[in-house]
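See below for the structure under consideration.
Should a chain be cited, it is by its letter among A, B, C, D, E and F, assigned in written order, with residues numbered from 1 in that chain.
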């Protein structure tokens, strides 16, 4: 992707790489991303993505709000995704006067135009509206240390709130490696249904509610209030196995809400 | 305490027994309480306390708001103190026409008057303003399952919010037995200071930031922004001991804020 | 309707029977309903309706919010629809392993799938998200006891609020039997127009703004800001008749707002 | 009161005359007031009161908020105290250069100073911060027209809200003449207790919960959560008398809250 | 336009005349408007427009909220568009019984019906929902009196807020004649992009960011986050010209947001 | 001040030097301050002040909220005090084991204790709760550029909001040098009264409402709703002098509200 850039007037974009390395040039500088990273490009910011070999991942765009760290309630001022771990690019400059093509997505349609210089010509910047990268290894996972499972919302990394109090357009949550040491508790996720539509992708590892058939790069979607949970085989195994303290491998799940409200 | 009752017009009362059994008669019926229980009597509700032998405990009154389960944020709809575990008395009836003395606390002063019948003569009741008991054994403790300590607010059982968003008049928090399995983390509480004034009592067990000299029944007070934390000896021991997964014993801590704002 | 159930992922459903008896099986148990009852099935809850002979009624689905008792303002903590009068089903169990068909409404379209057992197999439940029935005979009607008519909003039973303060997606209001004893006041509803679209149905009785041609089972719709009110004949009669205190018969009116905002 | 004026820096003042006529000169013009009127002088506005013969009444000052018509909830946009019935003075001019004494109340203490001209020298004014008069005969009383009593808050004329949602510093309510035609209902006010401190005065007529001993000009005070209600004799009489539709005479009741929060 | 009226059920209408005089008959009376005026007709209010010769202007309709003076923040209680300068019609009466055609716009479609009398037959009215006119000459323009440009939002006349805090459906802003005396500052508007879509019209004068080709009556549209600003020629001229205090001529700019959210 | 530090548990402190240079050591590092600077030390942060020769200034402490940049309303995202101009200290380290005395102010009383090392021993810090300095020369002054004066709130630098919407505990405002070029307008501040108590100090220059007798270092206090404004002589002069565009010199004014609400 040379002499080209893209921006969306419709909303913030989140990119979740699963395979391969992405080099994402933005007006604010460059971001490198691979598995375990997430990258957010805010509405209207121009960017261009280069890949190095085979690559695969997840991508979403949200039409309400912006991706933000949720208000953590009793968890307090630290915990979950800490503000200090979000990485912001430094300005990078291309001094080129070739033709440069820009593609805009606006109200769900694509438009394009050409300008006579490289759009990535920013020598310095100042402000608080910028793309960023987050490495999910930094996630400070919170959970039960007594008994029972909290709701999966406890694994929320970023949320896009709507003016309906408590209603998010998107919550992005992960199921990272963690210690499950609660007592008298069935360990895999319980059978459940959500008012949020739940889209799940596997970035790495095995998902404990579905040990087979959900390889990295796979994805699943459960629509609003469709019940789902561990299979009978998983129920059997988790109910009878030895309850030793153990570590689970990583999964990334992101749920979509209000997907009917596009531009 | 016979033919007598008390009520406070100034605010909600919380009782935290540490030694002995309390029998608390209220207009809504009777509550039995001992160590690990807390009892809340709302503003204006008449009650009388009987003790059986030696007894000791903690008592506080709050002039703003009511004791409520905090909004749990990402912890979700269950976790911490679950609504279903709060116990409500059943109506109990005394049909007596002896003189009955009532003591009222109003704007910090005491008043009394006598009526010609037992005030505890309620045969049935309906509503949502009542005294209750909570057994702290039911607390669903949440904490880090990766690394680091969350803020102690994660142990909040009940809170009295003020109209200042995020500012509580009182948070009642406990440090119950729990599994601490986070990695690369100094285990006792870290050195810190709060804008909240912190009053702490020990209901049972040993406090890991102060292993000696803080027996059950003791209490400590750290005023707003006074720094405190584990002693040098605790620091030394916790930094060098073997990091095995372990269970800690129970402590109950309650912090006071805005104590300057009495009636 | 045997071995079948339906659920909507799009919103809460309200059923207002006018003729005949409905037997509504839900995951939470069974609700019987006939004229003067309303039944609400929340988003995502599976149910099946059986009728006994001829039946007729009104049905609506709302895409924003949930049906709730409105905040009553100066009317206080009791009045209008009292919380205690809403009836909740008890769990009911079918132990069947026949094929069972489930139809889902999602984003305005229908989907279906089959499971190998009766979905109504709940032996007990706990929570605060459930279907319910309300008998409009219990409505504690509030009105003027001096002069003039209040706005019809004073007859609101349930409302679905939106994040626009003061803007409901739906208000469900009734015009039940009541004493009109205000002085110096024209008794039928006055001529008016609303920003809310007004859908009205007659469950029983005669409507005093339209004495003929609006029989039980009929319905009318006035779109946003279309003026409407009593006919000339009604005006004439109500202006000249003797002003004795009287009782009016029942009508149920429900107005729709934001009907343009479907899934 | 000549060549003198008073103002309070501490809060809004409400005057409720019971006997005699008051002539209240303000910076905005003159207000005449007698029984059934209320007058509000906002914080900081200078005024002087002249009486004509014997006079008596009630006076209160509020340290939080301003006197406002409450948000009426389902009662809607009209009802209770209608905005159009509040009377605002017209500018009135004194062209005098005599010494003029001004007394200020500030943080609960009195201060005074003299200026060389009449302070009431305003020839015209513009704005939305002014004293006003309300004639309680205009009150559009709302109540039950089916069964039961609503909370007395339904009679609120003006309220001073605090930042605690739902908590007023003062509610000023009246019990005006009205039609009580609800069925199956004990007619006098029921036995009750409030978190609000309740100060009551009688402007005119007989109070149905206390038929004797509460003459016009009398007043009573029930502190926070002190129970009160009709006497045994009233209970007996109202339980056995014939339930005919009748009109009650006027009483004015105003309750005080947070009276401990003075300047 | 005789014996005809129009109303929109979809939202408030704003009319900005640029050429010619409009005579706008409404249910509340008549409004005359020409260049420098704006007229707002609220949702559902019937009106008819007569022109006198050639006429031209701008028209918009908004589906969320109502046109209101923005909360001015530190600017205080006066400044920008002062409430006192909005002009409200007086009732005007036509006593005609000819056929009268009414056209309604509802959910983006047109409907019509005929009534047997002139709809403009209002002899008096009372309320706070009415059409109005504002003369932009009255705008109290606020700006920098030290250095730099504030955001163009400082020129907002009216706004239609949405429930998203800080997000307007439409802001109507003007660039009226004003004194630009800030020091060390490039005077024309700077190069920028908005999340709001920006529609601009020229009512009178020359626009300093585009001195040629944007005559009165012209309009431009920049979609969400499309960058725009002064041309190279303007940059050159404004960077080198003598910095004398001067007056700029009038322009009216109105920006659209959430234009995708129609009825 | 050696081997000593002070902190207040009661609230944030603001220091406004008028004469001399202050060297303020804090736990976060050192801040130098002189005339035109303001320094804020948050509640609970330890600090020590050294002076170099004669020094004088203003000092205030606030018991509600924290000093923050006000929400600017239509002024937008930049203007008034820009976030980027607030200066934050860098960590500075003293490695001393002498006795060190700490004085605490708590609930209006003083307490002290001694520790065996210098409290200013912070080698690095991270967070968002810190002391800061602001140089008022950076203030981006906003005002009328057409006619009339805005309210003095337009000069607000920092505010301490209370939970009463729109009510500040303190607003700190300045009257810096600026261009007054509005037309048809009396230039000095108009005669007025505030609900806020107004404390004013002169840091440098001449105050145009009181040209004599208010030298740098002086201060004045006008209590709630006490009227004040330019003297007769100033009125005369400003009404008749030539209206040339001019620059005014600096004054700093800070108003106090709710001063009755101490700890």
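The rule is short, and it goes like this: a contact is a pair of C-beta atoms (placed from the backbone, for glycine too) under 8 Å apart; a residue touches a chain by one contact, two chains touch by 3 or more.
Bear in mind the structure is a predicted one, so any value in this text is a computation, not a measurement.
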Using the touch definition from the top, list the chains contacting both chain C and chain E. A
If a chain touches chain B and chain E alike, it appears here: A, F
Copy pair chain A, chain E: interface residue numbering same or different (half cut): different
Please indicate which chain is farthest from chain A, where distance is taken between mean Cα coordinates of the chains. D
Sort out for me whether E-F or B-D is joined by the greater number of C-beta contact pairs. E-F
Inter-chain centre distance, chain A versus chain F - centres from mean C-alpha coordinates, in Å: 44
Cα centroid separation, chain A vs chain C, in Å, comes to 41
What are the residues of chain A that contact at least two other chains? 162-163
Which chains are in touch, pair by pair? A-B, A-C, A-E, B-D, B-F, C-D, C-E, D-F, E-F
Inside the complex, what are the residues of chain B that reach chain A? 70-80, 139-148, 150-156, 176-182, 245
Give the list of chain F residues in touch with chain B in this complex. 7, 9-10, 43-45, 64-65, 104, 106-107, 162-163, 263
Quick one: which bits of chain B touch chain F in the complex? Just the residue numbers, please. 162-165, 193, 195, 223-226, 260
